[in-house]
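What follows is a pair of complexes built around chain A, which joins chain B in one and chain C in the other.
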Partner chain A sequence: MHNNRLVVIAGLVVGFFGAFLVLWGNPLNMGICVACFVRDIAGGIGLHRAEIVQYIRPEIIGFIWGAFLLSIFNGEFKVRGGSAPLIRFLLGAIMMIGALAFLGCPLRMILRLAAGDLNALVGFLGFSGGIWVGSQFLKMGFSLGPSQVLGKINGLIIPGLMLILFVLFISLPDIFFSSTEGPGSSRAPILLALGAGLAVGSLSQRSRLCTAGALRDLFLIKNLHLFIGIIAIFSAALVGNLILGNFSIGFADQPVSHTDYLWNFLGLGLVGITAVMLGGCPLRQLILSGEGNTDSGLIFFGMLAGAAISHNFGLAGSPGGLGMAGQIAVIGGFIITFSIAGTIIIVNKK
Partner chain B sequence: MTERDFCVITFPSTHFALRWEKQAKKNNISIKIIPVPRQISSSCGLAGRFSCNELQKIEHLCREHEIPFENIFRFNSEKSNPQTLK
Partner chain C sequence: MGNNLIDTRGLSCPEPVLKTRQAMVDKNNSVIRILVDTEVARDNIRNQAEQENFSFSLEKQGEDYLITLKRRD
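Then we have the complex of A and B:
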């Protein structure tokens, strides 16, 4: 029933672009990173002033438009929303704070691992632990409640805003903040980045590729379907990195990474828990935003806010590790997340 | 109905799918939790698979334990397009 071929193709394409967008200009081990690229966009529109991570990443626009166009074509553009909007916004921001403590979303975790960065293995253990905890929440009765069918116009907001952003970006690039050094200044050509985004977005919509769903299904129902997609991403990126000479195994001196084991573990642990509570990893939230899910659209805004908070208050990791403020933020994120989950579970049991 | 026929029930949230699984197993109804079939939806939630012979028992179970469901579908085979029953 489950078409593994599709999820394998999607995974291979994601892994291919993950490796080769680096050759074409994106930062090392960051061919694709949803958290980092959303963070760059937050910087590009001035929500934070970290000068080395500001750029309107066309890949993000491509992910959303790829999913939007294909879902319209397939008749799967279904506009829904209204399920616990503020909680979703907040958890989206917390998910981002966790990802930026690790320095990457789960997708970049796979790409980093495929480039030999063993800190990503620690992150993977944390992410898996987070997914396991989130899965226990689901078993105990956690639910953000059902969404409702909304008017079509609601689903057009996110794709519409992305179109406006892209048109402004190519016609008036100077109105945006733009890094001249650091990861934000490493960029693939605009049309190539957009094309890669469209390919990844449409294939992810079709295949339902999701890093969080992969582990959730493995833990909850012992189903490997989505996990096969993760293996495909890793395999294609590994081969690509070996071809490009971008493979170097070890913990130290890995690109855009730190060796703070505990905080790599906890940062992605927080992403894992919030992703299960929100029903998908950062990539999946963008894809759902494209196919009309306004709850995911709000999570995308939450991620933008989380990126701004992270960089305005020095909460993000850096090659030197995670500072005290970042450590407090991650712990605070866990406290808020557990409080929300606990309260909902107790209320649902009554 | 052939042996290859089966039914799939979808729920408003993952939690209800897991609650349904627990109750069905308690009542000795043979079921399996699966990812929502791609033919039904682009959502990545969980659904329940069961023999269509158990349809009445399944509906009764949902009513008795107040487990809301979205739809029940019948599949003729793994790759076929489903028929909406409820």
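Then we have the complex of A and C:
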């Protein structure tokens, strides 16, 4: 089917950049990671002071601008918003806390898997479980309610802010916090990173690629379409990693990861549930932000806040594992998420 | 507009296609009409119609789309 071809092309391009951005300077097994890169931007603008993860990642700006430009071009730029904004902000923050407990968004999970990191397999099981739970919520009548049509200016806020951020970043780089060691200091050249972001952003806009939607559609409507995109990401990244000699299979000593099985499982489980409740994975939220969806724009802000909370309070995973504070935060995230979902389901039933 | 019109405008993914599928599963529905406001929902419903053996027709109504699905025998 014509549609499948698009999602395969998008997946292959994401997988290719996922592998090769590492060669060009990004951290190992982190050619692309939406959660990590949003976290780096949160650090870059000083929302948290974890010195090893601060950088204005041009890829994120590229994702949003790629989606923005293509959606303007193909008439899919539609400005909407006002569907449970505060809940979306909160769930965006919780999604981020879960991702940083695992050390990566679902996209990085696929890239880690394609580099032989078996901890990502544990994460994948958790993610699938979370998507399954979120899908049950939807079946039980969970909905954050319809959005409204808003004036065009609302949809320009996120792309506009990204443009300002980028212009400031290239003209006055010293005003931002910037890592000199650790993952935040491993960077692909700015224009290459931006270009990769634009390619991934526009192709994801066109194909609706979504790591959460892939499994959700499989569970809910027995539709394989988006899952084919995931297989494409994995395949391209696997081939790329083998070419680059960046493949070693096992659990221990994998780059920017930990072997705390339970918390890898639960961290991405929390991402799975919140992603289904929010209508898409972290990458998809950025794409929707570019397309004029201000609810997703607010989720993006929620993700920035979640990253700040995560690093200011030591909730993020590290190669040593997930500390007590992070474990409590993940459990707390589940409690809040289930409370919100449960309340909405009960109210909608009445 | 009949009372079997499903209005999915403004709903996040995958609610439009989910509501459509719920209507498809009910064998009493031979014709289903859905109002959508995004191309994503439109395309998802088109894919789903193909998979569940429904015919698909589309009518643009301003910014929105009115989709009519008919069960194939």
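The rule is simple: the second predicted complex is superposed on the first by the 348 of 350 C-alpha atoms of A that agree within 3 Å, B and C clash if a C-alpha of one lies under 4 Å from a C-alpha of the other, contacts with A are read in each partner's own complex, and residues count from 1 in each chain.
To be clear about the criterion, contacts are C-beta pairs under 8 Å (C-beta built on N, C-alpha and C of every residue); 3 or more make two chains touch, one makes a residue touch a chain.
Quick caveat, the model's predicted, so the values are computed rather than measured.
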Note to self: Which partner chains sit in contact with A:134 here, chain B, chain C, both or neither? Use first/second/both/neither.
What the structure shows: neither
Item checked: Contacts of A:208 with chain B and chain C, given as first, second, both or neither -> both
Item checked: Contacts of A:280 with chain B and chain C, given as first, second, both or neither -> both
Margin query: Looking at A:220, would you say it contacts chain B, chain C, both, or neither? Reply first, second, both or neither.
Written below: both
Note to self: With both complexes superposed on chain A, which partner does A:272 reach: first (chain B), second (chain C), both or neither?
What the structure shows: neither
Next item on the list: Using the superposition on chain A described above, determine whether A:302 touches chain B (first), chain C (second), both, or neither.
Entry: neither
Note to self: On the A-aligned overlay, A:317 touches which partner chain: chain B = first, chain C = second, or both, or neither?
What the structure shows: neither
Next item on the list: List the residues of chain A that touch chain B in one complex and chain C in the other.
Entry: 1, 3, 76, 78, 138, 143-146, 208, 210, 213, 217, 220-221, 223, 225, 279-280
Next item on the list: Going by the contact rule at the top, pick out the chain A residues touching chain B in the complex.
Entry: 1-3, 6, 71, 74, 76, 78, 138-139, 141-146, 205, 208, 210, 213, 217, 220-221, 223, 225-226, 279-280, 284, 291, 348
Next item on the list: Under the touch definition given earlier, write down the residues of chain C that touch chain A in their complex.
Entry: 9-15, 17-18, 21, 37-40, 43, 47-48, 50-51, 63
Check: Can you name the residues of chain B that touch chain A in the complex?
Finding: 12-16, 18-19, 33-35, 37-39, 41-46, 75, 78-79
Checklist line | Touching residues on chain A, where the partner in the complex is chain C | finding: 1, 3, 76, 78, 80, 83, 138, 143-149, 208, 210, 213, 216-217, 220-223, 225, 278-280, 295
